[in-house]
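Below, subunit A partners subunit B and then partners subunit C, in two separate complexes.
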Partner chain A sequence: MQALTRYISPGWLLVAPFFLLVVAFYLGPLVNILWLSLTDPEPGLGNYRMLTESDALARILWTTLRICAITTVFSVVIGYCLAYAMVHAHQKSQNWMLTLLLISFWISVLVRTFAWLMLLGHNGVVNSGMEAIGLIDRPVRFMRNELGVLIGMVHYMIPYAVLPLMANMQTLDPRVMAASRNLGANGVQTFRRIYLPLTIPGIVASSLLVFILSLGFYVTPAILGGGRVLMVAEYISVQLLVTLRWGTAAMLGTLMLIGVLALLWIMSRFMRLTTVFGGGATR
Partner chain B sequence: MSEAATGGLGLTTLTKRFGGFTAVDNVDLEIRRGEFLTLLGPSGSGKTTLLMMIAGFLDITEGDILLDGASIRDVPADKRNFGMVFQGYALFPHMTVRQNVGYALDVRGRPKAEIEARVDEMLELVQLSQFGQRKPGQLSGGQQQRVALARALVFAPPVLLLDEPLGALDKKLRVEVQDQLKDIHKRIGTTFIYVTHDQEEALSMSDRIVIMQNGRIEQLGTPTELYEKPRTRFAAGFLGKSNFLEMADGTHALRPEKIDIAPQGGLGGNARLSGTIRDITYFGAMKKYMVAVEGREDIEVGVDSWRNPHALHEGQSVELGWADHASIRLEEN
Partner chain C sequence: MQDKQFMKETLLDGARAYRAGRMDRRTFLALCGAAGVATNAVLAGDAQAAADHIVMWNWGGISEECHGNAIGVPFTEKTGMGMRFDTSGPLEGKIREMVDSGNVTADVADGDLFNAVSLGPTGHLEAIDYDIVSKERTLPQYALEYGVSVILYGYAFVYDTEAYGDNPPQNWADFFDTEKFPGTRSLYKWANGSLEAALMADGVPGDQLYPLDMERALAKIQSIKDDSIYWGSGSEVHSMVVSGEASMAIIWQNRGKNIEEDTEGRYKLVNNQAMAMPGAYIVPKGNPAGREAAMQFIATAQEVPSQLAILECLGMTPSNPEAFSQIPEHQQAYAITSAQNIDKIVFNDPVWWGENSSEAVNAFLDAIS
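And now, the complex of A and B:
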């Protein structure tokens, strides 16, 4: 035992069972997916070669990236406004706003997507309402296209964008903004030169969160896109369940994982990730 | 920057209420141009609220603030051109020291060359010339305090407001910075309005002190006037220490260091009270005796340590004496 503890600190022995558990049930399947992507249907890089050869796959990846990017921009901009309003509201209204946000956060994505189906359909509330007040002559196509997918995804993602931003904004010292006003800067200057730069860690954190979550979105594109807007997650499920090409599915899964890790790595070169995920201001 | 602004401020019946709570209550005050005025009071006395109203961060409930005779009641904070050093400094953490100091000129759209020259000048004034490229997080507390001062003075404001600027510093550094502040005040001649709850700071730096309590001015005067002639029990107890004695004509305040102490019979015919020493505390330069006197509260006596002619010890019977003019009769309140 003494010989053992000389080489391995006792702390490691304590965490060893949990470490093995994580390796077996988390890392194991990941390696399995990587393995599948290289061996199914036949050993080699065949699955990965499809990325350059298949137009359909390239289109799906491009659609996914575009929708995720647009979703991220809208969610973060709207989330920024909400977070700002919540942080600077009175305590009582702040509690109300947070409760409403969390209710929407907790409602199942399926329910929220079907709610949009009701609202945005040909005879939905939005179309019939706009027709009734004479804003439009015939129903606008909100669904079975990218617009519908974007509306549903942005709506789902806003709470995810708000929470890291709020955590960031709450750490800011209001006296710093007061100092800017005192030194002669008007509200716009104070926001642009002091507030916005100090909330960059929050913006990065919420952008990363929203973008990464959007990459794996399945339910909303499937329902609101109506099969016309195909994103990676839905394509993977088709490969798994319909065409049974597990190798392709595994390759796409690996690709997304690498993409997320690459994103984190690029960000880590510009700022300390602990600042981003700690949500704190740079001091 | 308005050239006409020279820094004389008048507060007339200034009042601030938060709901039913009156934080500043009907304050009339004439602040002379170029003076170092300290607002001194315990927390909750309204001194910071008063400063925030002068800075323009809080609306005025009643009354007015006049700068060189003209009302600035409706002038927003960013148009008042008052410098301010905040509690905790409130430096911009993402900017360098130079950017912090130049900020006020930058947002006024001044030419680059002018800003650079002026920043150099200010950094020299606060002796931070070699730290221009650092971020505030890389500076010590004392250095940050000087950056805050340079940042607030860069646009030559007629009035500089300071909100407990030394609160975060340790005691030794605080004394050093007090001297620097006094020196800078003398050199630039700006009106300084200084908020603190530290009576030593107030005494050592100010031209005049305003003692505040419950949103009102308790007493206003030079440090000497306030220390030698406190008008109320609160003023006598808050600025320095006092013993309170009930005499035939009312309550008197008596400073500990103005009392003579000697063994029984040692004061000849000048003894006024006698008692026993309950406790002795040694402070280096001073010794403090707590003397229990029959039928009264304990009386505190302060004596220069080196002067201590009689080897007094705890439990000893002593007598106390003081000159007639040493005790000050207080107003009833």
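And now, the complex of A and C:
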């Protein structure tokens, strides 16, 4: 026992039950998915070979990556502006803005998706309004295409982009910016050379968060894409429920998991992840 | 999980044996004790209840009420067994998962006959017992080893009378002709029905569709891709049509009837060249109420009064030929096996779909996305 406590901190004993629980209920199923991707329908790397052989899969992955990347760029740019405005607003209006942001954050994805159909759909408020004042002859197609998916996803993701950025901006010392102005830099220079570099951890954190969450989007593309925008999550669900190709589904699931982990690993080469996720904010 | 399932089965067998008088009360109670079931729960009938009702796995909505009244009531009269519902929708993957996990909680799944072709040989379904279920009370090509068609639903199309009022589209060729009939189409995104419609539009006779020429069908579907959107559920296509997003849509014929009624005739259903799809009640392997009870249930659903009640309530057409001539006047235009429609429709081949649906769905998704 003595020897044991020398090498293993007794604190682990306290953690051990929960640790084992997590291993059993979290890692277990993950290993099962990995196993399925290597054994169904037949043992081997057949499912992974499909990645190079099937144009369809390559196209679905490309669509997914493209949509996620565009979503990330727009969400983070808009989120940056919002966060900037919120951090520098008066306390009272900041509270208001935060409340509005959180309300939108808490509304279910399904409701928000259908709300866009109501607004921008064929007979939606925007189209009928523009027709009524004579701006257009026939309804503009905002929805049931890639544009619709992007609008829905960016809207859903903005709160996720704002929150890490805000946390980052709030920790900045305003005296640094004051010093820059004092030394003769104008507003644009101060922003570009001082403020922006200081908020890079926030930008990275929100980009990562938005990108990773976007990868798993299912409801929004399925409804707003009108069946023409097929992303990985929907494809996985079809393989599980309709075509019964569980091996393909498991392979794609594994691929997404590895992709996300790889992304985090690459980031960790450039910066400490604790900084990105707020741990280093006070340092 | 396995142990629990084993105990449950033992207990159910015990309950049946006890009821049938093959097991004395003391033994049965001891069995319950061993299984960890409180005696008072058993006396209240809980354990027996499990063997005393049938669980139908369907798609929810009004079908719960309809199946209950049309099949559940006569089934209870005949067998004394009750009926309950699981409305989560028996997709093929869910049936397979349920059987594989060893925790089968449904007796009869409201599925497609092609599910029976793909899930039967892999051991996920109970075979149909044709001593109880009648082969005569369905169409001859739809009495298969692991499934029997109990109703027919159909893929037809609706069109907007305001857009094409003077010269309405009449068949699939018109549906795929975007020059003569400009406007957005909506097609079913899981391939079924859309492929056959495309082939008929391209000139393949309705009785020579199978095996489907996938390349030809997909080329036809891609030819109107710029004017197409795709739906995944009945409510989705309903809203696409009613909101004016689509001027024509491939649709389930009973949904088409609802749309006609909702829009007071602005959208009209065309049943010419409609494809009859065999809907089947299939039985997951090891169903809790036992195979015989499930077969009794299917046999009840085949009877003419049940068939006509389902038509009235859900708009699903009878598959029992005895019922064809009894389809009431106001359903003639909508029921696909009515005297008015039966010569104009084509029949789906569940065997082709059961064997090829994975490839077909994936190829279709690839073509439209």
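Everything below uses one rule, namely that the second predicted complex is superposed on the first by the 269 of 283 C-alpha atoms of A that agree within 3 Å, B and C clash if a C-alpha of one lies under 4 Å from a C-alpha of the other, contacts with A are read in each partner's own complex, and residues count from 1 in each chain.
Quick note on the criterion: contacts are C-beta pairs under 8 Å (C-beta built on N, C-alpha and C of every residue); 3 or more make two chains touch, one makes a residue touch a chain.
Computed from a predicted structure; not experimentally measured.
**Q** Consider subunit A as the common anchor and indicate whether subunit B and subunit C clash or fit when overlaid.
**A** Aligned on subunit A, subunit C fits beside subunit B.
**Q** Does subunit B (first) or subunit C (second) touch A:Ile60, or do both, or does neither?
**A** It touches subunit C, and subunit B stays clear.
**Q** Now for A:Asn186: first (subunit B), second (subunit C), both, or neither, which partner does it touch?
**A** first
**Q** Just subunit B (first), just subunit C (second), both, or neither: which does A:Val109 touch?
**A** In the superposition, A:Val109 contacts neither subunit B nor subunit C.
**Q** Would you check which partner chain A:Val87 touches, where first means subunit B only, second means subunit C only, and both and neither mean what they say?
**A** neither
**Q** Check the residue A:Val219 against both partner chains and state whether it touches subunit B (first), subunit C (second), both, or neither.
**A** neither
**Q** In the overlay, answer first, second, both or neither for which of subunit B and subunit C A:Gly121 touches.
**A** Only subunit C; A:Gly121 stays clear of subunit B.
**Q** Using only C-alpha centres after the superposition, what angle do subunit B and subunit C make about subunit A, to the nearest 10 degrees?
**A** Placing subunit A at the corner, the angle measures out to 160 degrees.
**Q** Name the chain, either subunit B or subunit C, that contacts more residues of subunit A.
**A** C
**Q** Please give the least Cα distance, whole angstrom, that subunit B and subunit C reach in the superposed model.
**A** 46
**Q** Can you list the subunit C residues touching subunit A in their complex?
**A** 91-94, 96, 118, 187, 189-190, 225, 228-232, 236, 243-245, 357-358, 361-363, 365-366, 368-369
**Q** Residues of subunit A touching subunit B in their complex?
**A** Contact set of subunit A toward subunit B: 173, 175-176, 178-186, 189, 193-194, 197-198, 281-283.
**Q** Note which residues of subunit B are touching subunit A in the complex, please.
**A** Its residues touching subunit A are 55-57, 76-84, 86-88, 90-94, 103-104, 107-108, 137, 151-152, 155.
**Q** Per the contact definition, I'd like the list of subunit A residues that touch subunit C in the complex.
**A** Result: residues 55-56, 59-60, 63, 121-123, 144, 222-223, 226-230, 235, 238, 240-246 of subunit A touch subunit C.
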